[in-house]
Structures are given as C-alpha cells and as structure tokens.
Amino acid sequence: MFGLLKGLGVTLKNMTKPKVTYNYPAEPIPVPDRFRGIQHFDAEKCIVCNQCALVCPTDCITLTGKRNPDPEKKGKVIEIYDINFEICILCDLCTEVCPTEAIVMTNNFELATYSRDDLFKNMQWLHDNNQNIRQENMSSKPPGAAGGAK
Amino acid sequence: MLRTEEMLLNMGPQHPSTHGVLRLVIKIDGEIIREVDPVVGYLHRGTEKLAEDLTYTQIIPYTDRLDYVSAMTNNYAVVHATEKLMGLEVPERAEYLRMITMELNRVASHLVWVGTYLLDLGAMSPFLYCFQDRETILNLFNELCGARLTYNYMRVGGVKWDAPEGWLQKVEEFVLYMQKELATYHDLISGNDIFLQRTRGIGIYTKEQALSYALSGSNLRVTGVPWDLRQHQSYSLYHQFQFEIPTGETGDVLDKYHLRMQEIEESLKIVKQVLDVIKEGPIMGKVPKVLRVPEGEVYTGVESPRGELGCHIVSNGKNKPWRLKFRRPSFYNLQILPELLKGENISNLVAILGGIDIILGEVDG
Amino acid sequence: MDLFFYLGPIILMLLLLGFVTYAILFERKVIGWIQNRPGPNQVGPWGLFQTIADVAKLLLKEDIVPGKADRALFKLAPIIAFVPAFAILAVIPFTESWQFGDFAVGLLYYIAISSITIIGILTGAWASNNKYSLLGGMRSAAQMISYEIPLVLSVVGIVMTTGSLDLNDIVLAQKKVWFIVPQFLAFLIFLIASLAELNRTPFDLPEAESELVAGYHVEYTGFRFAFFMLAEYVYVFAMASLTTCLFLGGWLPLFGLTMIPGILWFLLKFSLVVFSLFWIRATMPRLRVDQLMQFAWKVLLPLSLLNIFLTAIFKEIPVLSSFY
Amino acid sequence: MSDQEKELTQETKATNIMGEEAVKNEEASEEQGVQTLSNTTSQQMNAEAVKLANEEQGIKSSPNTPPKQESRENAVTKPQAASVPPKKPAATPRPAAKKPAEEKPLEPSRKQPWLDKFVVKLKELEGSEHLEDAFINRANNDLPTLVVKSEWWRTLALHLRNHPDCQFHYVQNFSSVDYETHLEVVVHLFSFPHKERLGVLVKVDRAEAKVDSVADIWDAANWNEREAYDLMGIIFEGHPDLRRIMLTDQWIGHPLRKDYVPYDEGV
C-alpha cells in the first residue's frame, strides 16, 4: 500500500518538471555535427575512383565518369552520380572512403516524400543539398588536419 | 455440465505486446493457455546470406539491424570475431571507447526493457521516464557517431570516431545522474504492490532447463548461474575492471527485473572505471587496406544485454566471409516460451513473454 | 418549469458532451504533464479542439460491421451501453436546485440503472464474433458484477447514518463534517470499486490493450466506437459526481466560504476526483484477472461489511454518534 | 603534381581503407567511362562500372572457393602427429608438406594435453572409427575441436551430454556451413562443471544431407535444427517438428547453400 503512494508521489512530482519534448516540425531538431544525414556531393572534387560505389553495402550509388573534356588534364570527371535513398541506409561508409571528400554527409535528414521515385536523387540534387554540411569527416586522419578529428 | 470448447487464438504478428512481429498460436480454454506455438520469421532478412556477399567492413552496418536496441554490442560481436581470426591488436583507447559505448548501450537496452515491460503490464508513465533517460544515452551516441540507433561505430581494428571534445565529461555526468535516478525507478516501480503481484512467482524455470535450452544473459543468471561472458570468457579489456555478476534467487520475473536493474548499476560502475583510466591515443590499429581474413574458423561470444551474442565466421582467405553465423540470444531464449506458458492465464502471457526480453530483429536474423 | 422539463435534458446532454470532450482533453493533458510532455497542443490554441477533431474523425469514418457479426445486436449494443449512463445523471444534485429527478431512492436508482450497461458491453462483445472481444466481454461482466457488491455495501454506512437514500438528504447531512472523515474506510472501498466499475487503470482489464488489444470494442469503429467511449466518460462524470455528493459534501462550501456559489464548489471537488482518477491511471500497472476477482471477494467485501458493522457500533457510542 | 594533389595523395595514404585501389580504379574506369557513354540507363552503366572495377580489384571475378579443409586444420593445428591417435586419416597433409616456408615449430597448445586425453577416452566409445580428426583451433582461444562423421553424431552427443567426464550441458552455438564438397554442422558446447569448451564439426553428405537429430538431448537444438533445415537443407532425422522456421512453408530451396538460386515464378 505504501509502495503505491510512493509511486503516486513520483508521478505527481514529475508534473512540475520541465517538458522534454521537441516542437519538431515547427522548430528544427538540434543535431550534432557528426550526424549522418543526406549526402552532399561535389562534382568538382570527384575523381571517379568508384570507391563509394564499391564500399556501399546496399549498392545504392550509381556513378559513371567520362574523360576530362580539357585534353591537357589527365583523369576523369564525373558524369552521372545517383543515390537511391530507397535503399541507402546512411551508413557513412561512402564518405569514409572518399579520398577527396567529394561526397560528405550533411545534417539534413528529412527525406519523406509521397512517391518512391522522388527518393532517387541525382547529382544536381545532391549538389544542391549543401546546407549544414558536416565539418568533421574523417576521424582516422591525424588531429588538426583538414577534415580530421579536432 | 457446461459444454466448453478450446479456442485457437492468434496473437500477433500485429499485437501491442509481442514486441514486434512475433506470432503466437495459442490454444486457450477460457483464459487458460493449453498450448503455445511461437511462429517466428516475419522479420527474417537473411543477414547471414547477405553477409556472404559483403566485405567485413560492409557487414557492420547490417549488424546494427539485428538487435536494434543494443547495436553497439552487435557491432562488437562481428568486429571481435574478425579481429580474433586475423590476430589483430586493437589500441587501448579504442577498446575503452568500445567498452563505454557497449555498457551505455546495455543501460539503454535495459531501460527499454523496464519501460516496455511496465507498458505490457499496463503502466504508461514508467515507459516514458525510461525513454527520457535512454534519450540521453542516444544523444550521447549521436554526438559520438552520428546516429541514434544504427551506430555503425566499430571497425575491424578500432573504432571510427574518437570521442569529441567534452564527450567523456558528458558521459560521466550521465553516469552520476543515472546512479541517482535509479532510486526514482525503485520508488515508482519496485514498491508497487500491483507490480509485485503481477510478477511474483511467474515464469519460473529451473537451472537445468535453462542450461538445456541454452538460455543466456539475465535469463540464465536469474536461475542462480553466475555466468557472464565479460568475466568468464573475457574479451575486450573487461578483465581490468571490477564488477559483480548479479544472480537471481527465485527465478521469477520479479527477480529478472531486480537483476536487470542491478546490471544497470554494474554497467554504470564499469563506465565509471573506464572513464578513470582512459587516455589519449590512437583509435585504429594497424589494419591492411583491404581486409583479407586468413583461412580458418572462429566462434566468439560476447555478452549482449540479452545474452550470449556469438559470431561464427568461416573464412576462405578472401575479403568476404565464406559463412557468417550469428548466435542470436533472443532466438535461443524465446525457445523456452511454450514450456513456460502451459497452464498459465492469458494475462500472464505478456508478463512472461515480456520477462524473456526478446528483440524480434534478432530472433529472426 | 415545463420548459425546463423538456429543455433541461437537452441542455444536460450538451453540457455532458462538452464535459466528455474536455475530460478527454484534460485526461490527455494530465497524463502528458505527468510524463513530462505537453499533451495534445496542435489543434487549436493549447490543443483545445483536439477532441472535437477526434470526434469529427470518428463520425466521418466508415461504419464497418464485421461480416460474421450478429448485425442487429452489434448495432444495438452501443445504445444499450450508453442510455443507462445518461439516465443515471438525472438524480445527481449539482446544487440545491439543480437536479432533474429528485426522488427518495436516488442512490438505489443510480446503482440499479448503472448496472444495465454491462449488458450492452457483453452484447457488443458477443456480437462482434471476435475472440479478443469475447474475452474482454467476459472479463468485464465478471468484474463489474463483482465490484458492484462492495460498491453498494460501502455506501450502506452513509445510508445508515443519514437514514435516507435521497442524495439531497445525504449532501445536507454533511453540513458539519464531510462523510470522508467518519466513513474513510467506506471512501477507500468506494473509490477502488468505482475505479473497477469504470474499467479504468488499474482495473482496465476488459480492454487491456497489451493482452486483448482493445477488449470488448475491438471490432467497433467510427460512431459506434464513439458511443462506447462516450458511455465510459459519462460514467466517469457520474461516478465523480456521486463521489462528490456522497463523501465530499456535494455543493456545500468549505470553511464557510458561502459567497462562492455552490455549483463552483461542486465543480471544484468534482475536478479533484476526476484528476485523481487520471493520476492513478498514469501511475499504476494493471491487475491480473484472477487477482482482481480475489481482491473484490476476499478484501473489499469483508472490509465493506466491517465498515457497516463499525458504523452501526459507532452510532450507538454516545460521543461518536454525533458524527453519525 | 600540384600541392593540392599531393595533399590528396597523402590523405589517401593516411586512410586505412583501400587507398591505393583508388588510383588503380581511376585508370580502370577511365576506359569504361568512354565505353558506357552510349549506354542509356545509368543503372546499366553502374553495373558495368562496378563489375569492371571489381575485376580490377579481383573481388568478384575470381571464383570464390570454399576454405580448404586441410589448410583450415593446418592453419590452426600444430604438428602433433605423435599425440594424435593413429586412426586419424592419413589423407590430412601435414603443414610441413604444404607450406614449408612458413613452417616453424609452434609451442604445443595449452589445451593439447586435455584434448589428447579426451580423444583417448573417446576411442573407447562404440563407433569411434567415425572420429575423423581432433585438433586445436588456435585462432579461437585454443578451442579443442572434433571432426566426426554424421553417423556417429548422436552417439557422441549422448556421450558428451551425459558422461560424467564431459557433461556438456550447454550449447553455445549451433551452426552449419556449406563447403560445396560437403555440409558441416558446427556445434560449440560448454561444460559448466568442467569449464571446458568443445567444438564439434559433423560432416554431412551434401546430396543426401541427413543427420540424426539431437533435439531431445539439448532442448536448444530444437529450433536451431529447424533453422539449419530451413536455410541449409540438412534433414535432422528424428526431430519432433522439422518445419521451416524463418521462411514460409512454400519456399523452394535452401538459401544458405552456395548453389542456391532464388526461385522466381515470373521467370
């Protein structure tokens, strides 16, 4: 019997505590810098090394490259770069292997759409997704280096 | 004499208290259960088959989705087995970070259990209180590795991220807070007569049964077997730290509750000790660029919040496992359910099923 | 008076609907606060229109009658459940003058009529042709019938003291001291039994969602479902009113603060009772069905008999008898 | 090489993950990028890109072969011919013959004496000619491991469970492996009274995958045998309720077999 009253006391005490919920759609949820959100892709930096597509556990990255239009430069430039967010699990492996940080994570996470087709994002879309880009991308780099752990 | 009839009741796969997509085909006589046949597999994703086509690094995000309540331990299970087979050395700081995250994850997992269990019994507020405290842990993980549930944090040879600035302090604050907060839980739950009535004396099995069904974790310890892989098949750096293995006396669900609350305490103790000794240092060992695991076979078990989470790897020397098998503790623990439920009231069903603490993602692999 | 005779029930009905609307909101708000969250706050300012939106949704929903159900009974059941709930409100004295049917056996009428609802619930449970609802219906029949006995026996003490079954007389008899003081045991029994009668946590076994999904109304949708909900909340209203009248002195003021009108006093006490119902709901887990029955027959029934016995004795002791 | 590029290369080296392949792949996909220009859908192009890149890395194009049984044992056993019982099949080559360059005399495993004694005792058991091998799995915390033929499995299991010297009451892991030549049921046991671990590899014929059930010996084996039947297609004779457990009852094939092809009604 005493235990019941103790429990009632706990719940009553909690009534006065501050609320812990977020007013989410009205106010954005604060996320830490390392948050793994939708990728931002920078075509300029991409060297078409294919590593992101290879490392992707769900094979959601599609990419092709072409010869650099400038004949004096070696290497290739990216032509098509798509991510299928129907199956992307935002595991961060693609940004981890990218040697040039052409693909980086952002803190955006709102992907809900009314159509599955909308989840197929192309290079342009990924490039325009340039808000809240993650600052710290490779913690395996020595501290202090660009993009390395702080 | 009234004519009575046995009824076949399908509980699940969509039911509020089967904790996911478990289906129980129950034969009931009134409200008394005569027979139970658990039907699993609704969440089977073929992780083991998928893993055969994935490199060792790629498997790690898949393990997050097995036991989604304590993904850190899953990460560790596969990483640990791989490291064992490769004979890798892992830097100290990485192991400490792994231990902090695994133990915090155990706390979070047990909090989910306490909350959902009380929800099964019909009390709503403890559930939300538990989730508030769990939220703190998830936020800490979010800061550390950028995700709240699917961490993908550990790598073969180390961890992906070093602790960000001030993170360890936050963990320490949380540990101190949580150690105090547990008293509130005891005030709210442990003394509640209705809760005691509901849980006392139900779901009891003997030590022999538990061993034969290969139960593990708190489900085994509750019968009085002090079996904890963290101490008895020590992995990581657990041998450096002091902690108790709580065991049960009567083996009923009430005992399991107390046991898991004590395990929270012990986990917090471990985290506290790790925080005292953790030093700066590298977080990745010397790992070849392409992980080629030497030919061989290895089975290692780690203590997940639900029991012995094992990983059996057969390698053919390539960068992908030839065969990868998870010993999923929930799958083993769930097997004993039909035995426990015979002759019980249907209201005890949720109390006993909840007590086993299963995660369907893990049961179905 | 004639106009009031016809319009009164309609006004009461509207008031009642208003109460139910805001009782549900209040319940969700209270439980929300207890759980450190704001509760419904999206529809309208402070979430005031939340329940209205919910009701509108229920009314607009497709009315589904399961194929294997007994159609006639399935449709009849919500009505059987709701009508008695509304009928009992006639005898509740809100203030000295605000009462619809003032007759000498008000308390008896209340208890007699309220037990009809169980037939509606049982009918609905059986007619749904669903195993969960059948189990829920059987549970609720067993539970409500069992708990009616301690409920009735607990108020016998009050009836003995006042010598009347008229709720007006009972309220007026509490001018000196509320019955909660001399009849504290009875109050506890009454509170527990009324919780069980209302099918509210910790006695919400008929609709225990973690076991029986939704119990007796698992197959009901839309408006029919709304009727069951309505009946449930009208009973909350009625039971809280009855508790106020029986134990908390009805509309009578406290500390002689007579400038505050009686209806406000009534509402204040009434809200306190309603709040504690919600508060208990937010804290307690659910009892098990066999423990529930044992509790009724082995604990509450003897206690209420003891209460009658004690009341009878105290009435004969010279000093104490002034309270009785 | 510009400064930026230099920095890039350094960064690449600093990362642990496939840094050098990046450069190789770059060249590989250069040709391929031209090839696929005319292709219509990006998926096709990607498929080719990945395939080419994989070939470069030698991941997918090289035939994935099962781990060799001998080498597995060799890798983990030490040369212990003297202590291993004479009935051990002579077919198992010694590591010395296989990899002479790497051969160096390993310390005898701390578990070896225990295993030797254990095997001697097992020899007294009826049907012990089915014991094919006994070795120490060094990588796995010196796990003593037995290799037996499927005929003997039930007898052995009863012995392991009940004999006072064994008392392996606890099934730590119950797994199965497809080696393409044969199937294997892998059981890891633990004995609480003796605090010993033991691995048992039961060789099962692949075409006619049948082995006696041990569900009545260890309750834990029940669902695990169902799982092995479901996914690996091993039939456990005498199992009380051998149904599929993970997949639907109508499922065709056993997915964890290496030659499994998903049955598609549309094809």
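Chains: A, B, C and D, in written order; residue numbering restarts at 1 for each.
Just so it is clear, contacts are C-beta pairs under 8 Å (C-beta built on N, C-alpha and C of every residue); 3 or more make two chains touch, one makes a residue touch a chain.
Please read these numbers as outputs of a predicted model, since none were measured by experiment.
Identify the chains in contact with chain A as well as chain C, in label order.
B
Which of the two pairs, B-D or A-B, is linked by more C-beta contacts?
Answer by contact count: B-D.
I'd like the Å distance between the centres of chain B and chain D, where a centre is the mean of that chain's Cα atoms.
25
Hey, how far is the Cα centre of chain A from the one of chain B, in Å?
Computed value for the inter-centroid distance: 28 Å.
Go ahead and note the Å separation of the Cα centroids belonging to chain A and chain D.
Taking the mean C-alpha position of each chain, the two centres sit 36 Å apart.
Whole-Å distance, chain C centre to chain D centre, using C-alpha means?
65
Send over the residues of chain A in touch with two or more other chains.
Chain A, residues with two or more chain partners: 4, 7, 10-11, 14, 20, 55, 96, 140.
Could you pull out the residues of chain D that touch at least 2 other chains?
16-19, 21, 57
Show the residues in chain C shared as contacts by 2 or more other chains, in ascending order.
34-37, 282-284
What residues on chain C touch chain A, complex-wise?
30, 33-38, 279-280, 282-284
Which positions of chain A touch chain C when the two form their complex?
Those residues of chain A that touch chain C are 4, 7-8, 10-12, 14-15, 17-21.
Flag every residue of chain B that touches chain C in the complex, lowest number first.
The contact residues of chain B facing chain C are 7, 9, 15-17, 31, 118-125, 128-129, 132, 188, 192, 194-195, 197-198, 345-351.
For chain A, which residues are in contact with chain B within the complex?
Those in contact with chain B are residues 1-4, 6-7, 9-11, 14, 20, 31-36, 55-57, 89-93, 96, 105, 134, 139-140, 149-150.
Touching chain B in the complex: which residues of chain D?
So the residues of chain D in touch with chain B come to 16-21, 57, 59, 64-68, 71-72, 75-76, 137, 139-141, 143, 169-178, 186, 188, 192, 199, 218-220, 222-223, 227, 231, 244-248, 255-256.
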